[in-house]
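Structure, as structure tokens:
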Amino acid sequence: MAINRKPIVAVAAAAVVSVSLAACGGGSTSGDGGGSSKEASKGGTLYYLTRTSAEHMDPQRMYVGRDLSNMNRLVYRGLTTFPITDDPDAKFSVVPDLATDTGTASDGGKTWEFTIRDDAKWEDGKPVTCEDFKYGISRTFATDVITGGPNYILSYLDVPVAPSGLPEYNGPYKGDHQEDYDKAVTCDGAKLTLHFRNAWPDFNYAAASLRSFDPYREDKDQGEKSNYQIFSNGPYKLEGKWDATQGGTFVRNDQYTESSDESDSRQANPDKIVYTQGLENEVIYDRIIADSGDDAYAITDRRVPPAYYTQVTGEVADRSSLVDSPYVSYLLPNFNQMKNLKVRQALYMATDVVASTTALGGDKAGTPAKSIVAPNIIGYAENPNFTAPPEGDPEAAKALLEDSGEKLPYPIKFTYAGGTPTLDKQAAALAEGWKKAGFKVTLDPLTDTYYTIIQKPSNDADVVWGGWGADWPSIATVIPPLFDSRINLTENSNGQDYGNYKSDTVNKMIDEAAQIADVDEQAAKYTEIDDQLGKDVAYIPLELTKFYFVRGSKVTNYINNPMTSGFPDLGAIGVEN
Amino acid sequence: MTSQAPLLSVKDLKVHFPTQDGIVKATDGLSFDLESGKTLGIVGESGSGKSVSSSAILGLHRGTSAKVSGEIVLNDTDLLTISDEQMRRRRGKNVAMIFQDPLSAMHPYYTVGNQIMEAYLVHNKVSKREAKTRAIEMLDRVGIPQPDRRVNDYPHQFSGGMRQRAMIAMGLINNPGLLIADEPTTALDVTVQAQILDLLQDLQREFNAAIIIITHDLGVIAEMADDVLVMYAGRAVEYGPCKEILTHPEMPYTWGLLSSVPDVTGDTDARLIPIPGLPPSLLNPPSGCAFHPRCTHKDKVKGNLCKTEMPELLPGNRGPEHTKRCHLADPEQIYFTEILPEIAPDLVEEFAEVNPDGSVGDAEPVRSSDAAAEAEEKKI
Amino acid sequence: MTAYIIRRMFTGIIMLIVMSMVTFLLFFSSPVNPEDFACGKNCSPALKAQTKKALGYDEPVTTQWVKFAKGVFVGRDFPDDPALKESAPETIAECPAPCLGYSRTTNSTVTEQIKEAWPISLSLAITAFFMWMIGGIVFGVIAALRRGSIIDRGIVGASLVFYAFPTFFIGLFLYKFLAIKWEIVKIPEYVPISEGGVSVWFQGLLLPAFTLSLVYMAGYVRMTRAFVLESMGEDYLRTAKSKGLAPRKVLYKHSMRAALTPLVTMAGLDLAGLMGGAIITEQVFNYPGLGKLAVTATRNFDLPLVVGIVLVLAAVVIVANLVVDLLYAVIDPRVRVG
Amino acid sequence: MTDQTVTSDSGSAKSAEQSSEFAASRLAGGDGRDAILEVENLRMYFPVKSSGVIRRTVGHVQAVDGVSFQVPAGGALGLVGESGCGKSTTGRLITRLYQPTGGKIMFEGKDIAGLSPKKLMPLRRDIQMIFQDPYTSLNPRHTVGAIVGAPLLIHNVVPKKKVLPRVQELLEVVGLNPEHYNRYPNEFSGGQRQRIGIARALTLQPKLLVADEPVSALDVSIQAQVVNLLQDLQREFDISFLFIAHDLAVVRHFCPEVAVMYLGKIVEIADRETLYNHPQHPYTQALLSAVPDVKQAAIGGRRERIRLEGDVPSPINPPSGCRFRTRCPLAQEICAKQEPPLLQIGERHKVACHFAGEIGQHPTKPVTARLLGIDDQGNPDPGATPDPNAVEQPGFADTWYDVQGGHLGAKA
């Protein structure tokens, strides 16, 4: 889901999800001056200004794309990581990090082996061991303590499952059925072996994207209380304590050696990185545009507010970057309401993505999408069913609607996450297009209760709005979570299948894909599923969100890495001395 | 009235308030004299200009938008010509004032003693201690029991009567030549009113002060005043010695005031004769005699004169001291034949015997032409 | 007097109990489920139920409230899970009495959170309070004395403008120009006196306090002006003038005393309200006081934190009310408490 | 308070109840018409709370303390007294704006003192009130038509569309322009507003009007207009009045019968000729002597003024025995010990004084002693028995005690 949907309060469950994209996705076309400005140099202090506070600093609990990639660069090294690049068209790739290689899959992608380096150390000087990895991965199973983080491991790891659907193993704290886990994850010296129930051919991508599989020191674990504890094995460590609302300061970790890190993804240029959370977007951009004092050394993950676009000219424009984000926003026809395929097709045909994007802020806000999957995800293909021009084809839509056998004008209710003029303008622009085709549109803006309401199976909206980004660069983290009716639809909620889409064909194809061991073959299968979704008009793609940033003038080697969600890459960025 | 210069002489006093809708002539050409030790009663309804006139004597309109003109001569000084500072020094020292509602007229947050002392300290170079002693003395004089203790009380701890006594103490603490009492007993019960009126009279004798008492209650006037000035729509409509005015009123408005209030001795079957209509607007006063729209006797004047021409304040048949603003030719006869028998039939004869000088019995009425001539002289 | 205070305190405590109940009820009648927040993405129903249990929200509201109330007196453990306490005691957060709860989003006890945020809100409130009281009264009196003049109209107009504009806007505007563009003041930041001394503390406080004071000052200018004008029409002012007092004395001793007394009530309550945090100002200037904490807590559906802040704020207001009433009895001799 | 007073108080209350049957059977007016309102031993105590942790009631403001009187049908009873004497509270009790602490309010033979608000509803039509302040008693946001018509709608008396004609009729009755029904109160002068208040009170054609200081806020010339209007209305609609005022002259003018109250009690009640010309209670005498009289004063015929010292005592702790004794020039020992009963001393004249008598003719020995079974100093006299009829009752009996001759005894 697109990030800024909720102006102040990002309330519902799924809204939290909306910012929680793992390291993946990324650029395609670079806008005005996307890349680095000056050569990197060591030293100085970098200021990171942001609005949203990190909810978790616990590696097994963090799920926000920005935090996942930033902390990976600074303090939490994983099995693998993504290399530094600012090439928007770069293909995703992973490099070894704390493991000696990118891992070896066997048994059709069900078994993975890594060898842990022997020269990496924690900030207290103790070596990072295989046992630390094993312990770290086990923490996700303590679902009563380690909440909020990615939980893929629960359904993949080969441990017995209780009737509730959760594994019988309940994490290291209570330690019930510890033996199950000890069988599934083993350490043989430095060799870490993981056994999965299903094929996970791109596990090493997931390990680079998420921090779920990062090591954790058992003696430092205080469960819930460790949420904001940062115990580093990376080039920086936290100075003092992390303040949940205000942030904290990172300084160099003297136990980190460059020789222990061959990923080439941590240049660690600044001596110090100061994180300031809780600033309003307007304040952040007032400061960065003014570029005075420390703000000349500042970067941010917040997009330029549309009202400030006109200020990004001349010298300021030289400090700006416009890149693709990994987030796609889309519409979902409600299959409980809009059962007629022709009507859904007509709706798609009539959807004016150009007007919608313009309402959001034009080419600095997004570009028309051709699939629910972002273009740089492995398995992306333009969905062949979405062939209408971006501005829609009302004539064709009208014809389809007339052909559908329904009474015209066809009444539809569009429920969307509103509450700001921009979002209301977008909804109005969409409605305008639909009206031309013979729909009678009722707009239903919701604010805080948006996800709660559209998640109700009884919701009577005909069309709802949605947004998504992949957790790691795999189409497998897009289609099943959104369209597998078996994991989403329950009596009380439709999960993330807000359109109540239910197709046995698609479910069956998902099962087939899960069995495929080869990454590319699996991706191809998912592309097929996407095609089926397109045929059913299970969704209508809107735009791929753009990231539009400005940075301080003394920031060097500025890179928006498409592999780390398009956010500024802290592995590369430095400041002038 | 004697030829010797009076303590206070008000001549052609006008107090006009400019408003968005036009000029409100609250007081419009008022003249009267007052000697030391004497009491002038000013009577009228709300909006007749009686309070405005007395505020003007104290210079309380200074600094506001009110336009005050004419002459207010107190102790040979025209108060309208002196500076603000000079006026301030006279306030409370040469002329003091007490008000209708003693609760709201005293500051709720300061003790009674503090407020009385303040009046003394501002005009006398004395220590606070001396001022307090003086305040206690004055409280004792006005009949506050245990004054040395009550001096530290706040106004709300006093009863209504005691508050008014304290106000009088405050007014008289500098021994002013003139005391203006604006409806001093209206907010009080009758027994308390009697106490206060007695006190005022006692103190007047003691201090030889001149008093202007402003009220709507002719009963208070009857008990207190030497002279009476009846005001209507910003002007004096009848002026003369108290007894004369109350027994031989010559202006229909005065008749109305007398006949519209019952008294505790009169005939209970008698019907009150109200003044019809409402008091006039001061923004647009009626043409001619301001009272004519409510006057039941205007038909007795020929030629619609009441409507077209404002009568002068002139003596009638009763001598030069009794002036009135009315066109009626023989008001005495009308009063004694039409009005008095209605409201107090038992008093007709007694009233008729009262002479203009206040004596009772046969006396030759002063001829009207002489009186008029004398009045003309006086004007010059 | 003591009896009066005890009686007021007693009713205050009852009010606090009722308020805590109402907050609980409101929280649980909201359509949003707190477990959805905590659970994260891709949450299966089983996982959600698990999370709900871990948060302690699976029990009936009444039970939860009773546990909360008990915690205030004897303290609690979080999570309240005997099995976990036995197997992994290091993961249990202790919350000693008076325990207002444990906030999961900030990973500390509510008491600790409030203790941290309180001095910040207090600094802000008191600094702003002095600014707006001085400004409000000075400008209000000037406006009243020059009633109808250009100065009066200017002051009234300006206060109307500040009154009408949202705090958010004024705050951002001042931030942008005073701190960022012209660099007249430092970029606001809370530095405790113990760390940076009074001067640094004050410099960091200046802008938010000024913003806050502008908004309140607008109201106080208008009130002061109205009260002074009202007092100038009072009979006792006429009495004071007729005594021959100098205009200055009439103004300062008689008029001002009466005019400013009603301000005490409002000022006291406004200050108390602000001690609970100036929500918008703290938000704009990123000041981690109680107001910002309250917003974050609400946003994250962090019930214990919400309840804790509500109760602390309510307690402050209740006490402030009492203090104002007592103060009023001192200022106005007509008022007696008892 | 001495113990003795307490016993005597409770004793009188008790016997009042016993004799109520007898009292109710009495006739009211001289014209032989029944009383429309009969008030018996009416009491209103406002509690005074302590300042302790638990607020106990530590005393009472005895605003009205055992008041009995009758209002004859079609007649008018005046209630006079100084501020704080309880006259307004009495008025509010009768209109049941307050719930009385004790006593009876018999309206047309039915006790309304303890009725629930619901049961009172139909009675509210019959008893209406006119208030003192015409500026605050009318809702400034309602039109005159709405104000006057509201009772009609509340009591559902006439169909909705007939409300306006009725309102206009009423406005005309009270001398206002009926076309002004859609104006607001602030467009009217004080006198006109009081007329609106009267029109509102008349809307439901009440049988009893309680007029609480109806003219005291008005200008003198307007007072007469309103008094005359009330008199006309009384005659035309046969309304009974309880006329409450501090202005003795206005009350005298309006009411054939007048009661004087002091500190929650009636001290003297009589027809107006007797009360104003031959008052027997020292308080009534002082009150009357304090009223300035224009016409008398003008010819120098001013009465000697009886000065009352000090202020009215607090109704929370009223003086023992006779409440007036602290300010009374006649007070003796007995006055502190025994409360004087409201004794009927003439055909239509009752007075509550141990030394009742006309000015200058007060007896030197208490006239009530034997009647109460006490000696002249107020101590119990074992030889004498109290007369059971010497208790306060509404209305007048056919027999009364003669104090004129200085001796007691019934006289036909």
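A, B, C and D label the chains in the order they appear, each numbered from 1.
Methods note: a residue touches a chain if its C-beta (ideal position, glycine included) is under 8 Å from a C-beta of that chain, and two chains touch if they have at least 3 such contacts.
Molecules present, by chain and UniProt name: A = ABC transporter substrate-binding protein; C = ABC transporter permease; D = Dipeptide ABC transporter ATP-binding protein.
Note that the structure is a prediction, hence the values are computed from the model and not measured.
Novice: Find me the chain with the mean Cα position closest to the mean of all the protein Cα atoms on display.
Specialist: Here the chain at the core of the arrangement is C.
Novice: Quick check for the class: compute each chain's Cα centroid; which one is farthest from the centroid of subunit C?
Specialist: Between subunit C and the rest, the longest centre separation is with B.
Novice: What whole-number Å value describes the gap between the mean CA coordinates of subunit A and subunit D?
Specialist: About 86 Å, centre to centre.
Novice: Just how far, in Å, is the C-alpha centre of subunit B from the one of subunit A?
Specialist: About 91 Å, centre to centre.
Novice: At what distance in angstrom does the C-alpha mean of subunit C lie from that of subunit A?
Specialist: Centre-to-centre distance between subunit A and subunit C: 38 Å.
Novice: Could you list the positions in subunit A whose residues touch two or more of the other chains?
Specialist: none
Novice: Could you list the positions in subunit D whose residues touch two or more of the other chains?
Specialist: none
Novice: Give the residues of subunit B that touch two or more other chains, as numbers and ranges in rising order.
Specialist: In subunit B, nothing touches at least two other chains.
Novice: Inside the complex, what are the residues of subunit C that reach subunit A?
Specialist: For this pair, the touching residues of subunit C are 31-33, 36-47, 49-51, 53-54, 78-79, 81, 83-84, 87-88, 90-93, 104-108, 172, 175-176, 180-181, 183, 187, 283-284, 286, 288, 292-293, 296, 298-301.
Novice: State the interface residues of subunit D toward subunit B in the complex, per the touch definition above.
Specialist: 82-83, 189, 191-192, 219-225, 227-228, 231, 246, 248-250, 252-253, 272-273, 276, 286-300, 302, 305, 307-308, 310-312
Novice: Per the contact definition, I'd like the list of subunit C residues that touch subunit B in the complex.
Specialist: Touching subunit B from subunit C are residues 234-236, 238-247, 249, 254, 257-258, 261, 331-334.
Novice: In the complex formed with subunit D, which residues of subunit B make contact?
Specialist: That would be residues 45-46, 145, 159-162, 189-195, 197-198, 216-223, 242-243, 246-247, 256-266, 268, 271-276, 278-279, 344, 347, 350-351, 354, 360 of subunit B.
Novice: Which residues of subunit A touch subunit C once you look at their complex with the stated criterion?
Specialist: Against subunit C, the touching part of subunit A is residues 8-14, 16-17, 20, 53, 55, 63, 143-145, 147-152, 154, 164-166, 172-175, 221-225, 227-228, 243-246, 276-280, 282-283, 286-287, 290, 292-293, 295, 448-449, 451-453, 471, 481, 487, 490, 493, 496.
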